[in-house]
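Heads up, the next two complexes both have chain A, just with different partners, chain B and then chain C.
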Partner chain A sequence: MDTTKIASTNGTTAATTGRPSPLAGVGTWADERLGLATAMKKQIRKVFPDHWSFMLGEIALWSFVVLLLSGVFLTLWFTPSMAEIQYEGSYDQLRGIHMSEAYASTLNISFDVRGGLLMRQMHHWAAMLFIAAMLVHLMRVFLTGAFRKPRELNWVIGGVLILLGIVEGFAGYSLPDDLLSGTGLRIADGLVKATPVVGTYMSFFMFGGEFPGELIIPRLYIAHVLLIPGLILALIAAHMLLLVYHKHTQWPGPGRTEQNVVGYPLLPVYAAKAGGFFFIVFGVCATMGGLLAINPVWKYGPYDPSKVTAGSQPDWYMGIAEGLLRIMPGWETHIFGVTISWNVFLPGQIAPVALLMMVLAWPFLEAWVTGDKREHHLLQRPRNAPTRTAFLAAMITAYGLLWAAGGNDILALKFNLNLNYITYFMRVAIFVVPVLVFFLARRWCISLQRHDNEVLLHGYETGIIMRSPEGGYSERHLPISTERAYSLTARDRDVVVPDPQPTDGQGVRDKGYPVRKLRARLSQGMFANNVQKPTTSELEEAHHHAEHEHELEHASGMDRPADGHQFDGHADHTPDEAPLRGH
Partner chain B sequence: MRLLNRSAGRLSQHRRGPLAGLVVLLLGLLLTGGLYTVLAPAQAQKAESDAELVAKGRELFLVGCSFCHGQNGEGISTARPGYQIGPSLVGVGAAAVDFQVGTGRMPMAQPGAQVPRKEVQYSEEEIAALAAYVASLGPGPAIPSEQDYSLEGLSEEEREEAVVRGGQIFLTNCTACHNFDGSGGAMPQGGYAPQVRGVEPKYIYEAMLTGPQAMDNFTNGNLSPEMKRDVIAYLQSLETTPEYGGFGMGGIGPVAEGLFAWLVGIGSLVGFAVWIAAHTTRTSKDKVEA
Partner chain C sequence: MSDHTPSTVPSQGDGHGAQVATMHEADPIADPGVHPHQWRPTDVDERAAKRAERQVASLFGLSAVFAILFCVAYFTLEIGDNHDTFLGMGASTVALGTSFGAALLLIGVGIIQWARKLMGDQEIVEMRHPAHSTDEDRDKVLADLKTGIEESGIVRRTLVRNSLLGAVGMLGLPAVVLLRDLGPTPGQVVGEYEGAGLEHTLWTEGMRVVRDVVGTPIKASDLEVGDLVNAEPAAIFETDEHGEHLIEGVELQIAKSKAALILLRMEPDDITPGRGRENWTVDGIVAYSKICTHVGCPISLNERTTHHLLCPCHQSTFDLADSGRVVFGPAARALPQLPLAVDEEGYLVAQSDFTEPVGPSYWERG
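Showing the complex of A and B:
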């Protein structure tokens, strides 16, 4: 052992220890006081499985980091005030116009602060990506059943993060006080006012008087740069801690069980990958911010309640509320001299929240129906939960339709359609199309399950067409690898809850009967049509059968290419010299 | 009388003679030439050519437009009360014709929610003739001249002020239909307000003056001629300023931005995620079990 680095001795005098490296010194100093090495050892060696879909959450995380960085830059120049001033900056077309300080400072950031416009655009693109990435991440978690015990809490945290992200984004694009943000605030004001009974009070409370007032932007500013980012940060921290505590889920496969995690240790591989991904997300934000104009506030002009522009839409994540508002018929009720605006209240307040809640509540509904109390660390393939997958497909469809309805004027303009007809179509489609998609997606999943079973039992399709001596054609199937077969069969059989009895054995009416019946019905609806994996005996029988087939094929020479001479005695070589295909 | 008859009869005997055509032509030329020199002072000369223009316009109108607008531009009603094949053009003025025919909207190809721009069917002189004819039907706005919408003769400062004022007028009066960037917007029942970016100043002026189809009419009482000039100055200034933010994605607002966020942003990032997950120095070896 070479000790020259840590101690020096000539063999006669006592050894003196070498000077520790300064870095090691700091490490030791910290470790002796904080116990970090011991505490971190376990975390550093934490293992993360590898799959592209596990990185979707990271897109959200890293775009949030980009938001923090660019947002802090913006705060250095942004003035959250609605006090009126005269613009004297570099943008010619608005010079001399009276506007709020907030709008003027946004123009200032755009035109007179070096790199300001890039930062504004990066901030805005990152905001769009942040929420989109959270939704894509949610889809992954939903489709793979990663929300199941013990991760329900993290599912709820994720849902709250999405809500907060949307509110944060809304607050953000209201800050510049341009025509579009003012129009957005006006709609928010309308939504609040549509609350029965207390609406007007709430609106006056929010705006500190009549809309727009002088207070809303300073208030939104504090919410935007402090309150909500703080909450988001705390929830992200909780989200990550829970992730580390639960460990990451993984796809089933050989060697992967409910008790272990197979993947790379945090250091160095996973950290390098994740860290590298940050730079990619940053790069995409910077590229989009540099090349694609987003929210050109100088063209909208300062907010003025008397103005409006064609193409007034919110950012995409609010598009669903916009769509609901646009397709809702103008229903109102007048009672006791009060108007209840269902036309705003329902689509603006009730429906969007209800849609999000339906998705967020699904895991709990599913857990109640299955009664499954086990922990799950192995993921499910989307096809193996057909009803769940179909439900999300329907929700995504509804979301897409509503977003399209929110952009009905743009669709009409760009595709030469009739604005009114788009609205009529959407009014029907929003109820019909998601249902169609639901059934279609479910059928699709079930067919895929059936296909999996086919592959398990009869092998995969080789694409080799065989002709039997009788002249019939068939495709050659070969057994799949054991690993693949393992992965395909590593799933539980669905348990369908049978119909309960209305009375117990003694003929006493069961009080919980309606609830139990509902649960049984739901269970049947969710799982009865699913295809279950083959049983061991089915598999064995199929393999036995396949071996027999292959023997027969081999005996009749069907598993080798024919040279045309097999029956005339002129074959130049034995059939075994020309194997059919290596596999 | 008899003498006259006789001489006429004698003349008519020669009417098919080889030189008759020539003689008549010469006589005609002599006569008009003589009359012209005698009767035509300078002003009457213009009135003459105007009348000619109107006459020419009327001819063109009878061929190309009267089918819908009536022999005298009085409009043609359909059997359904309140509906017209073509509205009355009495009083719409030369500006309306110059706009409608100069942008190819008229003659209308087919009825519908929108009268779209299309290839211009008439030459410039013909359009002038049509405009003169319609203007002769009743007083209406005249075709604006270049001075009406150019900033010529203003100081640098006044020009800048004009652009700023024009921007505010545009945002107040036009963006509701034409969008903040002049990219156009949808109107009910399949109609649309077209893109105004890149439209010739004369037609912008005439559009404001005459309010084509579903567009409001901004008379000089509503928007003074200077205001109209300023709007045009603003629209033109937008074309000469660079797109500061980069590619504008059509200048139609947040819907396009959202689309790009998903297709370009999320699309590329998911692509990168797939790429990263697929590329590892040690894909199959060295996986650690914990």
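Showing the complex of A and C:
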């Protein structure tokens, strides 16, 4: 095929034009004032590697933009006031009822501003998407080891962003001042009051007096529309700057090394894909906002501290705090005339933060144990870090269990189970099941590693069953392509720290011994059972063996990939000859 | 598998600086290099390229049509009165959402299609650089810092330095003190309004127990065995001569958040009265705070046969036949009981306020 005449837009020399283009004119004007060219010369064609999982962070970014846009729209009508008024809007069922201005203005946005309900629902759906995408993005970064040096700071920034996102979501959820959000605030008040020593003071300072007071909604409002979004924006900016500075990680593969980055240039391909993706996220939020009802506050009614609805549930991202609160036994200590509410303080304040901190601290633990000070830009497959992967699997399990515990009343109702038994089960399960999952996941990773080695040494399973002259059956294995074999072996060998000596050569006790020993033990626990990639000689030996078999089978035509055409005379091409990429 | 277990080397990692991880030493398979570029149909076939171009342009064109449809829907469809005409959400919301969504999605899909089919798709390689600066730069910065610090004399002139640190530290005080008026302290509100403070509610001696919402007083004979009534103190419904409520707005919300009451009538024999609470009931009618002692949700779900009351928030369950004892769930304290009596007209009244704080526990509660 003749491809010589095709103009490739990836050429290295700029197209020359006859007369100066308007673009160049504007560029010169700007550069003479801003000196942009120096700053941008490396950025315009900056390379971004491509992989579906790199999109998750992008979803979070774009849903934040949707939140900004829809949120600003909502501020044009929302009134953050708890002053009592009588509702006189379009919604019949509540007309004449006394309620706060915040609730009335939310009804107003929903029923008297065209597109208002759409924007409210878009805003709420985008919030769900924002937090969900951040969590899944965190899992991707964790599972692939993308948090390793030099990206630890971005890891921490990401963790803070998740925390801020959740707080921001809770603040937003509280603004409409409906029965559900008021109940949520009341629970928050109970959590704050359980703080040792200063709990009641914190509560009175937050609410401007006794709960519910009339200040909490204006205060949450300014936090929701200015303070927290400002922080989130600043952290996202830092996150992105570091991303650009470090350059994106990439999967190992042919030509992809620790020293380079292979992919498409920012302009045009990456910019187009990212820009297009923004419209898709925006469009998905709009469609969901139009078709899927969320938080129909008019059905709940205005907040009344003496009322509650059965089956009341917070937004899903509060689910684990909810689950923790529900399964905690009612422990409280009365001592020296004071009360310590373990039953509220532990699950409500300590445990959720502790769980997040454990995940956030893992990279630092891992770096300490391995003692690895090198930069890492190639990602690891989850199976190649079995302990790490298993740890996250255990954390996800704990998350899921707590989430289920947070809906124990709904589970009991839907599956006709006894609520008390679900709770007792959860109290045990939360400690036992994640541990089981940890060991299972680790074993699973290790068998996947073994499988990789099988494929490397003996080829892949073709599905062709062969019968030997003796009558035995065996499956035909064919070697995998060099590119795939390279990708599979492009990983470090794990290094295990050996047990240290309690004394040095002269018999003097080593003061750092216990710490060293801990590190050695952790290292052995984390890496000793991992399967390492085959050595050069093992590979050679295996291939030698395979070639021998190959010769024997050549006559039978069994040495080609199984594409279904081995026997019908159409087996005339191999994948390597495939002329065009199909998409 | 023994030769596939990790190598053990003397503890590594006291290395300095940032080397980049390399794997060349042990690479059993040589890097075959970046996969050669393959041409797409649209690269080699002008007709295919034109087709793709038309396809992308149609997506953009269709998007514009949806944007116009959005405007049409905006001006033609009613909202408000018919908020649930379609899918329970109102035709306006559904039409606006789908047309806006389609307009956006089509642009997005069009751009991505453009990138995949028509934009140059050669992968390019860029070299990385270690995150750290060069050694000279680092040394220069350290030297500059040292010079600057020395010239300032901040190390030598300890008096200046320490007094500055002290002064700036003191600025923390105004910053904290300024926040003092965020709210009154729990002690300060007491007596500011009826039933103010953590330890008080609107209930007082002789205050009538009235039905929630309607505000009518209750006679013992109004209740059948098994009836559960949500009640409030009569003060919540009191009006002045112009019919204006005496308690409204914030005060009303605060009052309700503490004084809300549950009345339950049961067989007097079923009740196990607490010590000193023998005369707190009237004809088998007991009154308990409606506010959960866990974190303060109003409690609502009654199990008729067992006299158990369930909090819908985290399922703490209280036994109303036994001083409001916790029988299940995360709550740690019994529900506070309100001592009941009847007034001369036969209506239920409180003997006093609650004898302990209602709602969630807190440090000073003892």
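The rule is short, and it goes like this: the second predicted complex is superposed on the first by the 526 of 583 C-alpha atoms of A that agree within 3 Å, B and C clash if a C-alpha of one lies under 4 Å from a C-alpha of the other, contacts with A are read in each partner's own complex, and residues count from 1 in each chain.
We take it that a contact is a pair of C-beta atoms (placed from the backbone, for glycine too) under 8 Å apart; a residue touches a chain by one contact, two chains touch by 3 or more.
What you are looking at is a predicted structure, and each value in this text was computed from that prediction instead of being measured.
Chemist: In the superposed arrangement, which partner chain does A:132 touch: chain B (first), chain C (second), both, or neither?
Modeler: It touches chain B, and chain C stays clear.
Chemist: Please work out whether A:180 is in contact with chain B alone, chain C alone, both, or neither, and reply first, second, both or neither.
Modeler: In the superposition, A:180 touches chain B alone.
Chemist: Classify the contacts of A:55 with the two partner chains as first (chain B alone), second (chain C alone), both, or neither.
Modeler: Once the two structures are laid over each other on A, A:55 reaches chain B alone.
Chemist: Go through the superposed model and pick first if A:349 touches only chain B, second if only chain C, both, or neither.
Modeler: neither
Chemist: Contact-wise, after the overlay, does A:462 reach chain B, chain C, both or neither (first, second, both, neither)?
Modeler: A:462 contacts neither chain B nor chain C.
Chemist: Quick check for you: in the superposed arrangement, does A:413 touch first (chain B), second (chain C), both or neither?
Modeler: Touch status of A:413: first partner only.
Chemist: Which of the two partners, first being chain B and second being chain C, lies in contact with A:450: first, second, both, or neither?
Modeler: Only chain C; A:450 stays clear of chain B.
Chemist: On the A-aligned overlay, A:196 touches which partner chain: chain B = first, chain C = second, or both, or neither?
Modeler: A:196 sits against chain C, while chain B stays out of touch.
Chemist: Counting only touches as set out at the top, which of chain B and chain C does A:310 meet: first, second, both, neither?
Modeler: After superposition on chain A, A:310 lies in contact with both partners, chain B and chain C.
Chemist: State which residues of chain A lie in both footprints, the one left by chain B and the one left by chain C.
Modeler: 45-47, 110-111, 117, 121, 255, 260-265, 269, 273, 276-277, 280-281, 284, 288, 290-291, 293, 304, 306-312, 408-409, 419-420
Chemist: Which of the residues in chain A come into contact with chain B in the complex?
Modeler: Residues 45-47, 50-56, 58-59, 92-97, 110-111, 117, 121, 125, 128-129, 132-133, 136, 179-180, 255, 260-265, 269, 273, 276-277, 280-281, 284, 288, 290-296, 298-301, 304, 306-317, 319, 403, 406-410, 412-414, 416-421 of chain A touch chain B in their complex.
Chemist: Applying the document's contact rule, which stretches of chain B touch chain A when the two form their complex?
Modeler: Residues 113, 160-161, 163-164, 167-168, 171-172, 175-181, 183-190, 192-193, 234, 237-238, 241, 243-262, 264-266, 268-270, 272-274, 276-278, 280-282, 287-290 of chain B touch chain A in their complex.
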